[in-house]
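The next part holds the structures, each set out as structure tokens.
One chain, chain A, appears in both complexes that follow, with chain B as partner in the first and chain C in the second.
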Partner chain A sequence: MAEIVLDRVAKVFDEGARVLDDVSLSVADGELLVLVGPSGCGKSTLLRVIAGLEGASGGRVTIGGRDMTREPPARRDVAMVFQDYALYPHMTVRRNMAFAIRRQRAEEVERRVAAVAGMLEISDLLDRRPRALSGGQRQRVAMGRAIVREPQAFLMDEPLSNLDAKLRVTMRAELIKLHRAVSTTTVYVTHDQVEAMTLGDRVALMRDGRIEQCGSPRDLFERPANAFVAAFIGLPPMNLVEAPVEGERARLGAAAIAVPPQVRARLAEPRVVVGLRPSAFRHAAPADDAALAADVDLVEDMGTDVHVFFAVPGLRPALPGLVRAVDELSGPGADAAVEPSVECVARLGAGRPPRAGDRLTLAIDPGDVHFFDPSTGAALR
Partner chain B sequence: MSTSRAERLTTHAVLIVFSALVIVPMLVIVVTALHPPGALTSGFSLPSSFSLETFRQAWVTGHFSTYMRSSVIVTVAVVAIATLLSTLAGYALATMRFRGAELLSYVFLIGLMVPFEAMVIPLYYDLREQGLTETYWALILPQAGLSLSFGTFWMRAFFRAVPRQLIEAARVDGASSWTVLWRILVPLGWPALSTLMVLLFMFSWNEFLLALVMVDASEAHRTAPLGLANFQSRFGADVPGAAAASLMVALPVFVLYLFLHRRFIRGMLGGAIKG
Partner chain C sequence: MTATARPTGAPPPASATATTAPKPADAPGEPRRVGYLYVAPALLLYTVFVLAPLAHNGWLSLFDWDGVTAGTFVGLDNYREIFASEQLRSAFLHALELLAFYSLLPVVLGMVLAALVARLTGRAATAYRAIIFMPQVIATVAIAVGWQWIYAPEGPLNGLLGIVGLGALQQPWLGSMTFALPAVGVIGTWITTGLCMVLFLAGMQRIPQTLYDAARVDGCGPVKEFFTVTLPGLRGELSVVLVITIILGLRTFDLVYVTTSGGPGDSTLVPSLAIFQDAFRQNQVGLACATAVVLTVLILLVTVIVRRLVEERER
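For the complex of A and B:
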């Protein structure tokens, strides 16, 4: 077991692409840290640098207090679980799991393989070859191969992404239990924010080779450092709308939202990006003044609640650059230059599901509003 | 997808024609070999009585007990050396990053492009200078060297096709390059390796020109294909004898292929990666 410390780690590929830009991060002993981000953000590369499969172009990688920056993977005593499992196809499950510890005494190898196989409930698969296993079983074997080694750290590269949705949820829960049982330092890479939120003791959200924010899942959700984090974490994503500031209020179409004085003080011009979680909307009561007229475009009935997509005319979406790489989530409003309007999504109770074409009056919960700088995207609070 | 009846008929017709082009001459040779020794035959003619005597005589008069032994020694050595070196070179070129790797793999390809006839004469003088002509080395070394072009190219292609994650998983699991090669890649690559070995066996077993130039003067070192040629000149009129001798020379390759051809087709990669 060990702490992993990354100190200004950089990675520049031969073609000159800077994939990691001075990343500093520390993973505490026994912690499960999730690296999450859109594809191409450098999260897998960072994991490979920790494993030693890629050399760092700069900075230092320390595992368990020892500088491992220049050490080959074999010396780092970390185990990796790959997205495609990477089981050795010509070996039985038993030999797959024993591969890394085959130099130990035979009884010891047998004992450890049996113990881990028992823990993962794959004891009856030990004499099969990988090709005779289902996806979920292969996943367990890949996990088992890592656990058997009793390494200083686990590195997991999207280990659940090849499983079907239902199995993924099951395995996610098992992973949490497993980590609780072995409490080995783990770095877990995923592009799925739900996985990140549910698995991680802490989550590091990456974009363009940099860590945008690192903290507890709750931190990232409740106190996003910038508009990118806000848009990435949470499903459906946060609505980001650029609104003019008039006096003490930001105007959202017919509605107005109070902007706290400390936020107004930091604005260079009378504009602000307002971030509204889908859960910040509710059906307006007659007394509500911050109400918004919403023309419903699309309704997704999730059973327990409904996601209502609606356009708010007269508003502009936040600069796409602020949330780039997730802008496919921000809807068709993003490029509507002619008549500005913003596609928003609200999560409403399933009680009276609206239908497309309905006009709703929505109130905004003033306690659940985020503000961001319209040019840098930084959170203002 | 469905194919029309006409299309299927055409395909079958073409396949039948080409199969016949291969099979008919083989049949002619087999039938010819069954004639009594010294019989005069022309084209396809059934013998009045079938006889295996021709094979026995051809074996004795063609010196095949000696020539076959030479062929086995040379071929086994060539296949062993070329397979080992091709595997090592192909592994390095496919998986390791080093200065000039790209250039080096092109250099290996040159061996595939230069016709052998262009180098056999200088090769003869070189080997004679080293005192190696009329030894097995004069056959083994050049053939192993020449096979290396193809072998390296072949193994490199195979190693490149192996999912990178398998190699990486082994490296993270503490394996050295050597362990990765022998414990992961070679067992996985058995279909590719055995195919390569059969091809090399075939090239080497059938090699004629090199043997003619290097060892024709030494009776003890002559290989089976040379025996065939001598047959023709010495027993010019004995067509059944030559046919029987050809069949005997071709037999090892035929048998080897018969036993191994399923191996060629069976892949072992299933299940390594999400399937």
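For the complex of A and C:
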């Protein structure tokens, strides 16, 4: 068990690509920190730098109070779980698990392998080879191989990505329980924001080699530091539209939203980026004044609720460059059309779901509105 | 589509319910006799050009025959002669000795070269691969002539030894009782190393990088990493490479025929050359056929043993 401290860690590849840009981060003893971000953001590289599989070009990596920046992986006492499990194919499950602790006494190895195998319910697989195991079983063995070592920290590189959706949910729950049981410091890399939100004590959201925000999942969801974080966390993603500010209100088509004075004070021009979670919309009652006319393009019925995609004419998509990294947002609305319009999504109750082509009147919950700077994307609150 | 013509509501045909009835031979999924028709052309050619000559060779090995006049049946006498004849025994021993050069050395060198070339990128890697593989593409006879020149008493090898001050080592390489066989073997090494390297390289590319990462995190140095990840990952290739090179080594003919013709004395005589000489120079066709049978059995045995050893733990 140990604390992991990264102090201005940089990584520049030989071709000159700056993959990590002065990343500072500390993972408390026993904490599970999730590194999340779109592909190419540097999260896997950061994990490999912590493991020692990649050397840092600058900065310091401290594990358990000792400077490990120049130490080889073997000296760092960390165990890694890989996306493809990386089990040695010619060894049985037992030997795979025992491999890293091969220098211990034989009885001790036997005891630890048996204990961990029991914990992961893979005792009856010990004499099989990886090839004879299913994806979920291999995943367990890979976890077991890490746990057996009783290392200072676990480093997990998208360990659930190769599992099918259903198994992934099961294993996610088991991972949480497992971490509670062994409470070893863990750094967990994923591109899946659902995994990040459900697993992490804290979540660090990365983009372009930098940490955009690090905090509890709820923090990132409720108080995103900028429009990128807001757009990345949450499913369906937050709607971001640029709206002109007229007096005390931002105008969203037919609707108007009150802009708090402290936000207005920080605006250089009379326009603001309004962030609306899909859950901020509801069917408008006759009394609502902040109502929006929405022409429904597409309806996804999720069972408990429906996701309604609609275009709001006359609005411009906000910060296209800033949020382009978020895959989900690169929809048709992101490119400038002849007549500007924004594709938005609302999450509505499943009762009488609308159909494509319907015109809805939607009200906006004024308590569930975020504001961002239209040029930098920084949150304004 | 007779099923669609059946009136709705009619009972299904009896054959569908009688599950115990034997399936017709042409039922889906059952092996069909028509399959033999498909393999027939290949089988016919194989029989005419491989199986029949093989059997005929075995039959001839039981005769004392000069290849022209009527032969006399001698049973296993030819086989007895092989084991009694100093010359033929030494031919087989030479073949086994050549295995070190044809098989063992190229496998080791090939693996080292593959490990080195695998670390290169871009044009250098392609160039090295091509250069090292080149001997595989050149006709063996041409190679043999080239090396004959290299090994000549006034040739470049001796010249080089003189230049670097090792003049004492200068030899008539292919004319020496001691060095002729190793000299021929080295040519074999030169030929097969490229093949080994290319096959190992292909195998190494299939080994996932994360296995190396895992090994490093698990505390492996480069050597332990090689024995934990690379070597087990190359087991299939190793088996193939060993079998190919062993066969090449045991049945080598053209190289020896061109460079030394088995000499000086019998110091580089190998079974294939002995078969050729017995059959076409000494007119002892029966003995040659018997030698061929022994060589075939030896090759079979060695390759089976190798495959067992290398692939055993694979299962």
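General observations
Operating definition for what follows: the second predicted complex is superposed on the first by the 377 of 381 C-alpha atoms of A that agree within 3 Å, B and C clash if a C-alpha of one lies under 4 Å from a C-alpha of the other, contacts with A are read in each partner's own complex, and residues count from 1 in each chain.
Everything that follows uses one rule, which is that a contact is a pair of C-beta atoms (placed from the backbone, for glycine too) under 8 Å apart; a residue touches a chain by one contact, two chains touch by 3 or more.
This one's a predicted model, so the numbers in the text were calculated from it and none came from an experiment.
Look at chain A after the overlay: chain B and chain C clash there.
In the superposed model, A:M206 lies in contact with neither chain B nor chain C. Residue contacts after overlaying the shared chain place A:F99 against chain B and chain C alike.
Of the two partner chains, both chain B and chain C are touched by A:V78. By the touch criterion defined above, A:A51 lies against chain B and chain C together after alignment on the C-alpha atoms of chain A. By the touch criterion stated above, A:Y88 is placed in contact with chain B and with chain C alike.
Of the two partner chains placed around the shared chain by superposition, chain B is the only one that A:A132 touches, whereas chain C remains out of contact.
More residues of chain A lie in contact with B than with the other chain of the pair chain B and chain C.
Residues 51-53, 72-74, 78-80, 82-84, 86-90, 99-100 of chain A lie in contact with chain B in one complex and with chain C in the other.
Interface of chain A with chain C (complex): residues 48, 51-53, 72-74, 78-80, 82-84, 86-90, 99-100. Against chain B, in their complex, chain A makes its touches with residues 51-53, 72-74, 76, 78-80, 82-90, 99-100, 129-133, 135, 138, 145, 149, 155, 162.
Residues 163, 165-166, 168-176, 183-184, 187-188, 268-275 of chain B are the ones touching chain A in the complex. On the chain C side of its complex with chain A, the touching residues are 208, 210-211, 213-221, 228-229, 232-233, 235, 313-314.
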